[in-house]
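In this document, chain identifiers A, B and C correspond to the written order of the chains, with residue numbering beginning at 1 in each.
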Amino acid sequence: MACGVTADRGIAAARGDRVSARVESPIVSLRDVRRDYALGAERVHALQGVTLDVERGDYVAIVGPSGCGKSTLLNLIGVIDQPTSGTVAIAGRRVDAMSDREATQFRLRNIGFVFQRFYLLPILSALENVALPMAEAKVSKAVRIERAAELLRYVGLGNRERHRPSELSGGEQQRVAIARALANGPTLLLADEPTGELDARTGAEIISLFQRLNADGTTIVVVTHDEDLASASRRKVHIRDGRVVDA
Amino acid sequence: MFAFLLASLLVQGSSSVGGAPATAVERQPRTIAIDETLAARAHLKVGDRVSISALPGTIGDTVIVGAIVRRGADPSEVARGDLRVRMHLDQIQRIAGYGDRVDRFAIATTPAADIPRLIDRINRVAFGFNAYRSRDIAVETSRTFQVVSRFHRAIGIITIVASSVFLLCIMVLKVEERRRDIAALRLMGISRATVVRSIVMEAAVVAVLGSALGVALGWAASLFVNWHYQALYRTPLEFSMVTPATVVFAVSLSLVLGIAAGVVASLRLVRTPPLVLFGR
Amino acid sequence: MRAALAQASLIRHRARTVLAVLGVAVAAAMLLDMVMLATGMRESFRELLLSRGFEIRLAPKGTLPFDTDATIPGVGAITATLRANPDIREISPVLGASIHILAGNRDVSGSALGIDPSVQGDYELLSGRDVTTPDAIVANDHLLSQLGARVGDTLSVAAGYDPQTRTYSGQRKLVVTGRARFIYGAADQSSSAMRRETLEAMGGQARDRASLFMVRVRKGANAEQVRDWIDKQLPNVTAISIATAIAQVDERLSYFRQLALILGAVSLFVGFLLVTTLVTVSVNERAGEIAVMRAIGVSRSHVVEQIVLEGVAISFGGAVLGLALGLVTARYLNTILSAFPGLPMAIDFFLFQPKAAWSALGLLIASGIGAGIYPAWRAASLPIAESLRREAIA
């Protein structure tokens, strides 16, 4: 039932990147992954046998209509959900059957998450929000403050450290969220509709930031409706009705 | 005097009857009545023979327990550990060496009697004693009970104040939980007054239902309290009474407090701009 | 970081936090008062009994000291019997009686204790001299103010009054030599003391009798053993050790202990309920935040810790405020109960005992922890993806 991955070759070919995903072992590897939910009396098959690889340094956009299973797929890659069947491996490690504790630790050190609604803690400043994952990883206070400040400068918010989320614009909040996602130097950056709540101009700034991150070596997987964001990626993966379809 | 006698009550039980020498005066043992507490403590029953004297260590009169009586509902007696005995007057006068004396006379009057005039007449001709109305004496001697009443009232007031704070706290929390719903209603155009009215009505319904449950619980607790303390102190005194007045008071008060808490909680929220309630 | 998060969360909802702290404070105050009530009488009474160092009291058979008008005959013989026990250090026989003091055409009634001043344990001399001479009397301020008398004045004191003939018996002139505080006296009691022989002589009939003996045992001796010995040697008196006296008073006033237990339990429960409600509402509001924290890698236990810390902070703040509030209400309630007729002034119904108080407040704080754990754990255990989806829809 699994379909092979059909990459969008346009952008990749223009850049001269590899189109084959098999020179070295992929950073993300899904094999025949299914995810079912109970919704009232019904059973929803959110994913129906997805097989997918993401190479190190890749920038993949997962696109598809609403309810096709994009976010579900991202959640499985991000180890915040577990498949009903099939296997998921991140950086060579099986993550589909991890205990809650193992999954939490894994996410802390290997995955950076960016959400559509930013989800910054309103009671913390921008600096404190970025430092939060490092505090959890037991990084010393001095080091995490310094690194958080560095990350905020990287995303262009060096002068907004002390501001609370309520004092930042949507674009600024999303940049803080991206900095937070990078706090522990993750293997993988995942973003679920990162420009969904932003206007076009601000969205473009975020798209540009993602491109810079990828150029600096970060492996990125985004889920998006935004055509501009999808076009900025190196590869598109189309999902429909819980399946990866040919482009 | 009674107390003095009680201090010296010796209980020897029926087995010693044969050995106790009959006094010259007593040939046929007379009867006494004892209270329930004494009967329980000394394991006495009707028909038992005991020896009663005014001094410890002396042989007294042999008497028979003729009756076991329950004390009257006198609150001032409740906490005391007295053991009560009723005897024929001439016998106790003789045993205690009291002679032809008593501590008091109790006078029952006819329904038509003019009590104040009667008291006045007695006091004018009395030599060495005074007459009082029984209920005036009762008031004087029930100071203990008055203190306990005041204490209960104070505890009641503190409980009401405390409950009001708790109620307000919980109401504010629960209403705040629904602030997004309230914000959505306001954005739709529902007026503040309507929102407040609906919350207050909800609070009133909860208050009424809570009061009904509370009254039922209070009544059950009252039954238990009376059962427990009547058994403990062996008294028919009612320690707790749920009267119509107390029910009306309790229900009214909880209704007022519940509605007030609802008003305060809802006003807090409707005064906040809806978008702020949404967290924007 | 977790403490900072908890603090920030509490400050974010100031009104709610203040109300919750107030609610817990009221619960803490009531709990503290009930703990003070449950143990106060007993400890206060024990301290009173021990204040002068007499561990055993002898009363007429079957009575408590001064419960009745009964007296014990043969003071000399009893004293001699008691002295035979090497564990007994001091014996203080006390005779109690009512007296009438004639002040002009007024008759002021009071109580009098006939004592031996060298071993007495019933009063503290505040000023003047003790009753070292047969015609001396010491009185408390209440009696002196009723009489309008001072130290040095001579009083006409009678031991008996016949209402039939309206005559006084056992009259004597006594000089007020000192002011005293009667340890076992009630606040509104007119109390006095004189030598026992003087009171006996005034009483006429009651010779060589005492209402009470107070016995002090040797240091290191076992008071209960001495009490048992006295019981065997003197079957016509009731020997009461402090433990027995306290047990008997406990029994009479058991109602207050039971009330204290019930109200204390209710207070603890309400405090628990408040914190649970607060934490539940708080986590329900922050379901999305909690899911995000879990998504970025914060462990479940750390999320729970942060939430529970909020509950602990409220409980702690409430406990501190409740301590102050409780002490104030306890004083007020104690004033009410101190009006019990015949209650010694020195008895407090509400006694602050640090150990009991800290235990009670500690229990409240612990219940605050418990109250926060379940809702926090439930919130932190919700499936992350599900919570995020629900938040997105909301």
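Convention: a contact is a pair of C-beta atoms (placed from the backbone, for glycine too) under 8 Å apart; a residue touches a chain by one contact, two chains touch by 3 or more.
On a predicted model such as this, the values are computed, not experimentally measured, just so you know.
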item: Pair of chains joined by more contacts [C-beta pairs], B-C or A-C; value: B-C
item: Most centrally placed chain - per-chain CA mean versus overall CA mean; value: C
item: Longest centre-to-centre distance from subunit A, chain (CA-based); value: B
item: Approximate Å spacing (C-alpha centroids) for the pair subunit A, subunit B; value: 72
item: Chain centre separation in whole Å, for subunit C relative to subunit A (CA means); value: 67
item: Where subunit B and subunit C are represented by their mean Cα positions, the distance between them in whole Å; value: 22
item: Residues of subunit A touching at least two other chains; value: 122
item: Interface residues, subunit C side, partner subunit B - complex; value: 13, 15-16, 19-20, 22-23, 26-27, 29-30, 60-64, 67-70, 162-166, 235-236, 248, 251-255, 259, 263, 267, 270, 273-274, 277-278, 281, 284-285, 329, 332-333, 336-337, 339-341, 394
item: Residues of subunit B defined as touching subunit C within the complex; value: 3-4, 6-9, 56-57, 79-81, 127-129, 143-144, 147, 150-151, 154-155, 158-159, 161-162, 165-166, 168-170, 172-174, 176-177, 180, 229, 232, 268
item: Contacting residues of subunit A [partner subunit C, same complex]; value: 71-72, 75, 78, 80-81, 100-101, 104-109, 111-113, 115-117, 119, 121-124, 128, 131-133, 135-137, 180-181, 184
item: Residues on subunit C engaged by subunit A in the complex (per definition of touch); value: 1, 4-5, 8-9, 11-12, 288-289, 292-300, 302, 383-385, 388-389, 391-392
